Amino acid sequence: MNNIGLRLLSGSSNKPLAEHIARLLNVPLIQVELKRFADGESYARIGENVRGRDLFIIQSTSPPINDHLMELLILIDAAKRASAARITAVLPYFGYARQDRKSASREPITAKLVADLISKAGADRVMTVDLHSGQIQGFFDIPVDNLMADKLFARALSEELKQNLVIVAPDVGATRRAGALAKDLKAELAIINKSRPKQNECVVLNVIGSVQNKNCLLFDDLADTCGTLVHAAHALKEKGANSVNGFVAHALLSKNAVQRIKDSSIQTLFTTDSIHQKSIGETTKLKVVSLADLLAKAIEYTHKNESVSSLFE
Amino acid sequence: MNNIGLRLLSGSSNKPLAEHIARLLNVPLIQVELKRFADGESYARIGENVRGRDLFIIQSTSPPINDHLMELLILIDAAKRASAARITAVLPYFGYARQDRKSASREPITAKLVADLISKAGADRVMTVDLHSGQIQGFFDIPVDNLMADKLFARALSEELKQNLVIVAPDVGATRRAGALAKDLKAELAIINKSRPKQNECVVLNVIGSVQNKNCLLFDDLADTCGTLVHAAHALKEKGANSVNGFVAHALLSKNAVQRIKDSSIQTLFTTDSIHQKSIGETTKLKVVSLADLLAKAIEYTHKNESVSSLFE
Amino acid sequence: MNNIGLRLLSGSSNKPLAEHIARLLNVPLIQVELKRFADGESYARIGENVRGRDLFIIQSTSPPINDHLMELLILIDAAKRASAARITAVLPYFGYARQDRKSASREPITAKLVADLISKAGADRVMTVDLHSGQIQGFFDIPVDNLMADKLFARALSEELKQNLVIVAPDVGATRRAGALAKDLKAELAIINKSRPKQNECVVLNVIGSVQNKNCLLFDDLADTCGTLVHAAHALKEKGANSVNGFVAHALLSKNAVQRIKDSSIQTLFTTDSIHQKSIGETTKLKVVSLADLLAKAIEYTHKNESVSSLFE
Amino acid sequence: MNNIGLRLLSGSSNKPLAEHIARLLNVPLIQVELKRFADGESYARIGENVRGRDLFIIQSTSPPINDHLMELLILIDAAKRASAARITAVLPYFGYARQDRKSASREPITAKLVADLISKAGADRVMTVDLHSGQIQGFFDIPVDNLMADKLFARALSEELKQNLVIVAPDVGATRRAGALAKDLKAELAIINKSRPKQNECVVLNVIGSVQNKNCLLFDDLADTCGTLVHAAHALKEKGANSVNGFVAHALLSKNAVQRIKDSSIQTLFTTDSIHQKSIGETTKLKVVSLADLLAKAIEYTHKNESVSSLFE
Amino acid sequence: MNNIGLRLLSGSSNKPLAEHIARLLNVPLIQVELKRFADGESYARIGENVRGRDLFIIQSTSPPINDHLMELLILIDAAKRASAARITAVLPYFGYARQDRKSASREPITAKLVADLISKAGADRVMTVDLHSGQIQGFFDIPVDNLMADKLFARALSEELKQNLVIVAPDVGATRRAGALAKDLKAELAIINKSRPKQNECVVLNVIGSVQNKNCLLFDDLADTCGTLVHAAHALKEKGANSVNGFVAHALLSKNAVQRIKDSSIQTLFTTDSIHQKSIGETTKLKVVSLADLLAKAIEYTHKNESVSSLFE
Amino acid sequence: MNNIGLRLLSGSSNKPLAEHIARLLNVPLIQVELKRFADGESYARIGENVRGRDLFIIQSTSPPINDHLMELLILIDAAKRASAARITAVLPYFGYARQDRKSASREPITAKLVADLISKAGADRVMTVDLHSGQIQGFFDIPVDNLMADKLFARALSEELKQNLVIVAPDVGATRRAGALAKDLKAELAIINKSRPKQNECVVLNVIGSVQNKNCLLFDDLADTCGTLVHAAHALKEKGANSVNGFVAHALLSKNAVQRIKDSSIQTLFTTDSIHQKSIGETTKLKVVSLADLLAKAIEYTHKNESVSSLFE
């Protein structure tokens, strides 16, 4: 499809990131009319001819998640009916990813449902960043490029932070991810395990592994209200940690998360702009690394049929 | 499937209607946990065994429409994975129905997208009321029961109102529907046609047909901001109409619609409880006919494999 | 797909139109063997290599409709198995379009069935002209280009006819279409409404709107036996219309339709060659505008990925 | 599904057979409105409630094949939308079965296309008789009951005919079928092989195997114009055959086939009423065995979930 | 489907377990002919009528995995074409489950492929035990019952073993599973983390968490060659563990695994008969808990539409 | 797709043939890691970027058939997820082809199942050689190129062998194929028919047709244990045949087939390398014609969108 034009289109969830990508690729964003009717129905109309084009639709399904998801699906439907040659849904942040299995009977598997909705609407491929679990790729029958911001971050970690480093999984579910980073960096590993020793007693955070006088890096894919991170940081400090930093690919920062970070033992929380961070100015503790360069390259390589995995070698 | 138990389950969009139906059928609503996470993700868990049951999920996709739609899809997914024998999605109000064709190039056909999403999630059948256009039934490959509140309303119309009656289509798109009612009631028909005689001039409402000294009934499937109805009523009065009433199956009443009705020439606006009417107490001009009886019967007949169309004979 | 050869193939329903298109595009029609076996089975064999080609199969599903539809499906199946890169089914006339919703219980939705058959056989896209209802586009998951002969006709309408013009919907179902044309032409609108005032009385045609001394243009998508048009013309004349002309995109002219037109108050009935008009010579009242230019351009633009909607701007 | 009512519905292709089956099962045929519009469009409306019923639609796709096929598809669509619990398409004769593979490049495989159309329309199962090739069962993903009229016929063959019997395949393609019957009856086998010894010479029918003074039974699944059978009979007689009879499950008898049979060396041509035989009275050489009993039992067994293959043990 | 007979059918992978289940349910196994042709093609023929039956096909996809998987698919296809009402594929061991995501570029996701193959063959539901990852449920669109042998085992754990207990994840990937068990049992948690401190140095097993004088229970879903378990046990002993036991739901015991266990520091390795254990007699260190009771109940509850999750409450 | 690179990839079933094709096309085989885990699970990883490439995966599903089939499916899944533009599964030998219909009740149709598995895994097209029955093409919805080694062989037959030639179908099922070759070569036709004259008596091979002093060519698509061929040759010799040769496209040569051929009356058995013939050196009676040239051309023509059927004209 080398000879087919590359086109970029942005939903309303993260315009600054989409514009950044467009600048890097030197391809203007396609005009699109996005609006809500009086009753809240989403509406989209693509403003330019996209017939036979290789179209990338950039939309994080960040909060308000159902509105952003529906907008994405409508854009895909419009593009399909407008005869785009190939539609790639680019979700820097893939919402609902944590609902990827039944943890209780009669639960849905909403991440699979979302995958089905995206495919059914007409996407030919998906590009995303640091999926909550690798198995979500298998929820799709279409190709998925799961870009690893983790890897880029690990490379970029300052020498200072790398000294005496322990990668800490803030809960048991994050261990696999933390273990992989520890292996990459030849760092040690620790895990925070929540337990409730006896009925009626409080939850206790057990630090499994040694952290005394170490530089701790809390590592997870996502921070929502930041409660887990903040409590974990506190427990690490109590166990004698020298410093506590954090990295999460996706920072939802719901409710009073920013204030919590400010008030916490966390030195710096590194994250990306997969979700548009409106509160970035409220604290110096939050450091945002842009995904624009990574996504721009991945889009370009996909368009040119070059190896995307080569970006991580 | 006579021997399989009937079960009712309600989403969060119209609990009062679902409870009303449940009372009429003498079948309790299934327990369900519905919540939103801090970041706005919808979550649903069905609280009782539904294996092999004939399950009806009642959810209008009224505003906030994307949240209500996603909740419906998640409930269907949960029911499917929980091994319900048959899942009927009951949408007293089917949102996005007006987006049922491309009126401009590169538009989506969102009503078809919604139909696909409901099917893909796992619904076996759909029940709804007064669809915006009959063709939407054809968007589904699964059976759809489109109940006609119109017909019930027509039967219930008072003798007084039937005197000297003209059915009025408030715009050209409503003519087919208004014409059918006029035929049923052996009433006359009139149409309001918007036009803009010359560039730079205002839109003019032309009343096509004779309304002088007549009792006018504005008739449409849906009222949103009520602008069209209110202006139409004004035009009818100017043309000498004796009285102006209205009937719409679905009353969204977005923005300041209720105030507009209050201030208008409309005597009474009849509607249904397909959408939960929170502002019902604000004006005596709004009269709500409940769909509970109709839906309860249709659910029972569907469950017992009796003819649903017989409800309208 | 710019570099893939454009190929045209014609079924047996409208060879003259296909040949006209081929001449305009300067692309010969692909050889194809079309025959019926002794028992009536249709057979088709494509006579030339179509591997990797961008193939357009031109076939109106005009009467004998089932034979023409089956021939189209067989041609698509043959093309798919012969490895065509892309198959566009071009239906200048899309039969069964009027059966697009259930008007009574236990009816099929045959237009949806036909859409499914065309997709299942293997078509990648559909091109058609003036669909009976826009929602039929939504019956397809594949892209549909619905060309608007209406718009071209409206542009071409003589200045003389435009004077003092009223667009007339010959029945209630045609109002939306007539209203749109009236808006375009800044003409007035009238509607013919059939009613049966009392049981045992005859059907009466009510002309809603003013037509006295006006030039009336009856406007619909399709004329079959022409009964509706002829009666409408009569009613308009009785109401004092100055002249009555008609435009329908598709003229089936079943039974004695041609004779009826000849004997009627209709001055001229304009139509297109979407259906091959064998009886064109029998009356001077029938004027046929060819779709060949429009279809040829739409095929070329589709092949070259240029905007087809630009044809109507 | 024992507790769900059995319902029978007939298309227009073979009403006498359907009525015969209905009498045997003591189940009335469901009322259905079948008509053709002026322009040839097929229309069907099911006249009674079929919700949750176990519905069998009886329709041979005999000539006019495309009309009968389309009528079948429309009936299935109507039944699906009318919420039948299970739809079995009963095709006593399955048209287009001979087009079951590509015998030349760029041919369709129409038998597969027909199978897809039947499935896509909404049939849950198929019942048919003596399929041209067993592989056609594999064209379906839904269960197919292929009833063997051959087997019943073989059992019923008179002792007289069984004496000194040779089963003859009238052409090479029929050898497998003839061989199976010969094995069953412990009879001998012969094959008629057409060849054209040299360019420009006539086709010669070679009888492979010995037939002198034998009672020959020409055996095939289908006779169309009967040319093959008649020529084969002639060749067998020339080779000294004592008598020549024939059995074909499906007798299309296109063109002047009946006259040909009358004028031929064939003593009796046995067939079934899979296709309604209007010309049955024209010759005593044609003997029709009714499938009604076999189909009635197969329908009853299918409905009651009893083994259909037990009918042939 | 209460009134439809329950039927059991076993593939060749684990006949003893299937027979055990059949005895508990007092339902005989359906006769089935299973064979391999000379060239290795698998063949299956179901020996009894299964029309309209509720059929459970019991087959672990244990080694030789591809043969057992293909046999399962063939049995499902045969059952589908033989008109079974419902087909549940019961896989006590679900092979290929570890290949559930791409751990390197251009890898397949074979667990998803297997899920697709099972669905495509015609299974209506799946029952399995202790899936490697919960997300695999999401690979299916059909309902999956994932029975938790873990939970049953945890309940059955002797009081003695529960004293001073540490649940140990033998590698990082098993942490989530081990953490859940630790929470259930209010036990402590430890993790074995493999690392390679410097290039060219050996892999080191780090025990994260305290195990001195504790009773360690290595806990994972599956043991293959048992290398990981044996090395982990050694490391735990070196760190001063009092005792080391193990539990894995599925014991493949490839290569010389049994000998390795015998020679190891592991006191007892508990497992199930999800895979037929031929080498059970070779060592007293291997203790097999039968799944027959759990599976029999789950099959019965599924058949009777009772809650399967209630088995674990 | 002319501008997209052609890529070849080989499974493990017939590396020599794949390498031969690669040499002829001057395109190196893509690196691929193929292995089996300790428990027998197949694993594949494609070693080079295949994004947007036109990929041909060469794999005969020869014995061990289930392993080779699964490997093929896994390779297709990997290629699909690695974003190949088009995946053609090239099966020089298509296993399970003989199971193409139900010859007894409750049998599977495994050839259809295999077709479905290949499509579901993600293949876009299939290329194969001398399918057991042409109808198998119809099992696929994707294009299938069925190359005719028969035709090439027929052309290549020496003049000497063509003298006085009779084509012999070794059993009734092979008659159609043998008849077609006889027609091509203007040779005579004979058939071997197995029968068991009376209960308790042995099977007898009847030679139908005249073979005395003729050069017999036994002709079939496949030889497995060669029992049929060897016995047929013996019967032909007994009937006075001058010489007996054989041609089968696919030689499985299971069990002691090679020895049987050596000991038989067959002069030479011609076959192809569709299956890798390891025992080729064991007898001079086996002559292998390579398919490499035919497959290389067909791959090249497919890639370049040239007519593949032209190879046989």
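Residue numbering begins at 1 within each chain, and the chains themselves are lettered A, B, C, D, E and F in the order written.
Note that a residue touches a chain if its C-beta (ideal position, glycine included) is under 8 Å from a C-beta of that chain, and two chains touch if they have at least 3 such contacts.
This is a predicted model, so every value here is computed, not measured.
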Shared chain contacts [chain E and chain F, defined touch]: A, D
Chains touching both chain A and chain C, listed by label: B, F
Longest centre-to-centre distance from chain C, chain (CA-based): E
Relative to chain A, chain with the most remote C-alpha centre: D
Interface numbering overlap (same over half, different under half) for chain D and chain E: different
Gap in Å, rounded to a whole number, between the CA centres of chain E and chain A: 33
Rounded Å distance between chain B and chain D, as computed from the means of their C-alpha atoms: 50
Contacts with 2+ other chains: residues of chain B: 3, 49, 81-82, 102, 105-106, 109, 112, 116, 137, 141, 307-309
Pairwise touch network: line, ring, star, complete, or other: other
Complete list of chain pairs which touch one another: A-B, A-C, A-E, A-F, B-C, B-D, B-E, C-D, C-F, D-E, D-F, E-F
Chain B to chain D touching residues, read off their complex: 1-3, 125, 137, 141, 143-144, 302, 305-310
List of chain B residues in touch with chain E within their complex: 3-4, 49, 51-53, 80-83, 85, 122
In the complex with chain D, residue positions of chain F that touch it: 100-103, 105-106, 109, 111-112, 116, 133-139, 141, 146, 169, 172-173, 175-176, 179-180, 182-183, 186, 188-191, 193, 195-198, 206, 208-209, 307-309
Contact set on chain E toward chain F in their complex: 37-50, 62-67, 69-70, 73-75, 77-78, 81-82, 95-96, 98-99, 102, 104-110, 112-113, 116-117, 120-121, 224-225, 252, 254-255
